[in-house]
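The same subunit A turns up in both complexes below, where it pairs with subunit B and then with subunit C.
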Partner chain A sequence: MTDYKISAKGVQVYYGDNHAIKDVNVDIEDKTVTAFIGPSGCGKSTFLRTLNRMNDTIDICRVEGDILIDGEDIYDPAVDPVQLRAKVGMVFQKPNPFPKSIYDNVAYGPKIHGLARNKAELDEIVEKSLRKAAIWDEAKDRLNAPGTGLSGGQQQRLCIARAIATAPEVLLMDEPCSALDPIATAQVEELIDELRQSFSVVIVTHSMQQAARVSQKTAFFHLGNLVEYGETDKIFTNPEDSRTESYISGRIG
Partner chain B sequence: MSLIFIVSIVIALAAIGYVLGVRRAVSSADGDQRILHSLKGYYGQNVALTVLVPSMLVLAIWAIAQPLLIDQSVSGLLDLEEGRAQSLAMADVRRVAEGLDTAIAQGALTADAAANMDADTTDVRDLLGDIGVAIGSDVTAETLNAAQRYRGLSNTGSWARGFVVLAIALAGFAFALSRITKDFRARNIVERGVLVLLIAAASVAVLTTIGIVLSLIFNTINFLQAYPAADFFFGTRWEPSFSGRGGSSELGFLPLIWGTMFISVISLIVAVPLGLFSAIYLSEYASPRVRSIAKPMLEILAGIPTIVYGLFALLTVGPLLVSAFGQGGFFGVDWMSGGTAAMTAGLVMGIMLIPFVSSLSDDIINAVPQAMRDGSYGLGATQSETIRQVIMPAALPGIVGAILLAASRAIGETMIVVLGAGAAASLSLSPFEAMTTVTAKIVSQLTGDGEFNSPETMVAFALGMTLFVITLCLNVFALYIVRKYREQYD
Partner chain C sequence: MTDLSSTEPATHRSLKVADARTKKRNAAEKRFRAYGIVAIAIGGLFLLALTYNILKAGLPAFTQYVVELEVTLTQDEFDAAESQMLKTAAYTDIFIGNFEANLEERGVEVPYDGDAIERLLGKVGGDIRSYYRENLDDIGQPVTFQLQTSSRVEGYFKGRVNRDTIVDSRFLMGSDLDIVDALRDAGVLTSRFNWAFVTGTDSGVDNPGGAGIGASAIGSFFMMLVVLFLSLPIGVAASIYLEEFAPKNRLTDLVEVNISNLAAVPSIVFGILGLSVFIQFAHLPQSAPLVGGLVLTLMTLPTIIISTRASLKSVPPSIRDAALGIGASKMQSVFHHVLPLAMPGILTGTIIGLAQALGETAPLLLIGMVGFVAREYPDGVVSGFMDPNSAMPAQIYTWAARADVGFYEKAWGGIIILLIFLLLMNALAIFLRKKFERRW
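For the complex of A and B:
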């Protein structure tokens, strides 16, 4: 039918009695960066987490509607959420390297999914992932040092390398730069732009400049509703909805 | 002057001081409370504290010092060598003195008659026996003389005590009241008083610990002077003799520590997997409903008195094990001859330790940040992969700490061993044989009728000391590990 990577139709999310996401329809294209923007508590992170069923780990969370990835309903009972998450990787707001060596952090995903036939192949995956995440030069001499010993920006790039290593098709990033300084942020943004060649990237961000810099498509969420979704240039220069305009010009939010 | 009398006077004085202090403060400000430096209650508290604290302190020191000084002065009259004979004689002196006081209080003797009593003409033992004070032997003139001296000194002492304490209380009363003006910083002084109170409370615990350790050390040294250290630490036989023939006892430490370690290891083999697995289930898998029921249930185990576990070992587990491993038992092996064995005590102790391991590990697993779990799930790991490869490594130091704390509990456990493991000290390798531990032997050495300063009883202190050192090392090591772990996520 289409070449959309992810298409969500009539998605509702409830936390107990709280209706967090109200009837969201969105189609996300392959090999593009899609940014979700909106004020705090508008549901953008919640929606991101429904895309790889991370919300399953929260007991009181309930999801309705259809989310299709490559035309397959990911909430179908036949779908294994564990397999799904290998395909839809995730990078979190706060860098969260495991208390293991840098090498083991990156090798974690390939090991549990059995992606490498032998040690040499695993080494290769680790090196490739670290190179892609632009941290190879800093980490190559200390692969056995603990990942928690890196600086904040390095840790976040390590987490990105860790997510890339499982060879996902979609990469979800939940405010990946909110804990980083401007220099580390610039490095990560550059990286996101490179990653676009191989994956579909969905990024949640509080920074409108960041959304404008890295994304091709932007979705604006407000109070659980998807207010506007379209080309990034259009959203930032000529929004259709008055709420979008108020938010990006700083009048609300 | 009796103690209660003195204390109640001082307390009354403090109460009066409080009221007067408040009044004086208010009147010094011409009735306007707002211009006082502190709230008016602080002025009253300051007076009350100045009355109470120094006088009670002196009273406490006096209560400790007076008997020591009197004993020293009276024992000079007895002309005995220092040591046991002297301490026995002093006990007689004290009883006679107390007996005479009781007799006067009951009206059996007049104060004059008691003071002028002559041991050659009066049978003091009979006389005191009539009023219910039993004396071990006939009272000699020397003892009576010393007792009279003892009475005299105590009497003088208690009057002097009363006067000194009351004088200090009154002086404090007058001093504190005279200092009150509207600018006096009563609040700051009370604040410092509170600080001193808190420090005093904290030092009680510390000083008690130091006292216990010192008493253990000195008694251990005493024991090691009476019994060769090499025989104690490296002896392989534990055969104390209570007949008092001396020299025939073998007090080897090795069989006891072997039993202790053997039983502790068995109990940890039981407790660590069960406790750890239940902690993992409760913290990672269980729904809040199950957790809210199961966790308290598990913690009830920790509330059961160990003697009840001991009964359980003796009456249930022991016979059960015999019916499985004993002659004609379920497995057809004849390994076990009696219900009391290392295995029995170890199994039951393991059950006792489960809540220890599980509740500490549960806290530690819960302290692993949710971000770790999210990170792992986000990479497509299953729950058990996440637990094995991310949560356990992160929580491991804390869990090791929990296990070490459980181990030191196991080493120090007594009642279960006394009832479940038997009393024979042996260096056996079989878990189905009776064994005994350091703690159980401390109990049996001190509850026998041996003389209190023979090596057979003094060995209890040496055993206690060794045990204390072992568990202390384990605890310090455990705390070190737990603390090191904590630094990681803060």
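For the complex of A and C:
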């Protein structure tokens, strides 16, 4: 059990009366990229958001079952979601930099978590994060320019830099490329592959090609059920479930 | 599937000729635009008429007519006057002596007597005596006195009194107007900007010439301080709690509905609330700017809460997600990210609320700030809050209600000053909004 970074057991999610996630069991490995695929409304984003308790902000949302990260139940009453989110970072569908400078965008997380003792250390974290997110070269001369002035792809990489600046162990990405053009998408995908060295990455995507390109493991969701979970190669070449096959070949979804 | 490409279109229509339907739609649009322009034009017309009226009636309040006279009082004259029984009469004689000499010097020949001087300039002897008693060092030195003319004389210059309709009375005789004209032609009687109106205190009901709005402007200022420092923190804190933290349930729904309703409650209701709670129950002083400020705070709070909540709502949720996603607490996400983005809206709402409160008269009626004659400035900050005072709109209301026609122009002049304050506040609101506005 402790071999897995995240293990979800019998997870149910309800939005009011709507049963959005039905009994999902999944084990996510460390230092791998796991892709969640499935048609719109299948619950993959919902499930992703349960992994860092972002669903807590939705009043009517209710989560049952166990989600363990490093063997600890993250829904335990003793767990502070704020601490959890520092450990499990998130990148959103639409690039959402703060309307502040590029530097402040990245430095904000380390600042509130007290990761830097002085300005020099903070500078170092900012540079390291921007380098890791492959945006350092474009941003280094304009660290004081507003983050919102960057192009869409640059903004998304800035958001990734911001997420990794707090030194998370898991990085959740909710359709990070859906608002980006193919070139920016390629850059972000390349980045995801590099990030795998340091983090466990979970990515929700609508693009099956993307899932095939970047992930080692793939989970297929349909109508709130986890239909199939396994090696990406196997899911795409030899799926066990007929629904997976239909989705991958474009007949449903 | 039917093959549409095989069927020929019935008729060929040129794009250059508008069909009936298009014509109709275009006409409708043109009509709508015309309605809009007419509506705006009517509004503009009313605004122009209002501005013209206010300026026409109010600007004379800023002009004052004074008689300028240089007087040199010797020590002997001073001692002689002070030893007399009727001291002010003695000073009046000294004044008339100087006045006569002055007129002779300028070659003005006009018959007058002491009574006429009193009708024109009031009790000059008293004015001169009190000046010298306070400034003993000036005895023997030439001193230029600027003596304000009586309100009837001002009325003559401003067109309220004219020769055809004047009725001789103890206030003004028809013959006095000859003196006035002669003095003006000689340059003894001049007009100047009436600073006393802007900075002065209110006068009694029989002296419109001496009335100023300064003291009540100070009253308004202290009230606005109370409103600002109570309603801004309370309003913003309440909105942040309701918008970001409070659970959405029946109770908060009820609170929300009530806040919206409170914004529509007539202001006089807040006045009666203030009277019963702050004055009758808490025994705070009547007519005090503190109480006025508290009442206006109650009135302003809903406005501030509604505008603050609207601007908090308009901050994109993605910013909140972004902050929460990197492990900021709810409070950090609100104070570091949401609030700065909502700031322009909050400030605009606050200033508009303050401007509304600044012009409010009805609640002040009930707590005694209307009708109070603000004859003195407050002595200090505590006195500014606690001592009875008036407020600008209340002062205007008081003047408008007084019988003497001289107060009419004072009321309009007061409105000009009030409007200047409101314009300044709105300009500040626009400035702050532009300064804090950020795009994302």
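In this text, the second predicted complex is superposed on the first by the 251 of 253 C-alpha atoms of A that agree within 3 Å, B and C clash if a C-alpha of one lies under 4 Å from a C-alpha of the other, contacts with A are read in each partner's own complex, and residues count from 1 in each chain.
Convention: contacts are C-beta pairs under 8 Å (C-beta built on N, C-alpha and C of every residue); 3 or more make two chains touch, one makes a residue touch a chain.
Note that this is a predicted model, so its numbers are computed, not measured.
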In the superposed model built on subunit A, check whether subunit B and subunit C fit or clash. clash
Quick one: classify A:Pro99 as touching subunit B (first), subunit C (second), both or neither. both
By the touch definition at the top of the document, which applies to A:Gly89: first (subunit B), second (subunit C), both, or neither? both
Is A:Met54 touching the first partner subunit B, the second partner subunit C, both, or neither of them? both
Tell me the contact category for A:Thr148 with respect to subunit B and subunit C: first, second, both or neither. both
Classify the contacts of A:Ile112 with the two partner chains as first (subunit B alone), second (subunit C alone), both, or neither. both
For the superposed three-chain arrangement, which subunit C stretch in 6-14, 78-86 or 294-302 runs into subunit B? 294-302
Those residues of subunit A which subunit B touches in one complex and subunit C touches in the other: 52, 54, 57, 59, 82-87, 89-92, 94, 96-99, 108-109, 112-113, 148, 159, 162-163, 166
In the complex, subunit C touches subunit A at residues 247-248, 316, 318-329, 332, 336-337, 341, 438-440
In their shared complex, subunit B is touched by residues of subunit A numbered 52, 54, 57, 59, 82-87, 89-92, 94, 96-100, 108-109, 112-113, 148, 159, 162-163, 166
Residues of subunit B touching subunit A in the complex: 287-288, 369, 371-382, 385, 389-390, 393-394, 488
Residues of subunit A that touch subunit C when the two form their complex: 52, 54, 57, 59, 82-87, 89-92, 94, 96-99, 108-109, 112-113, 148, 159, 162-163, 165-166
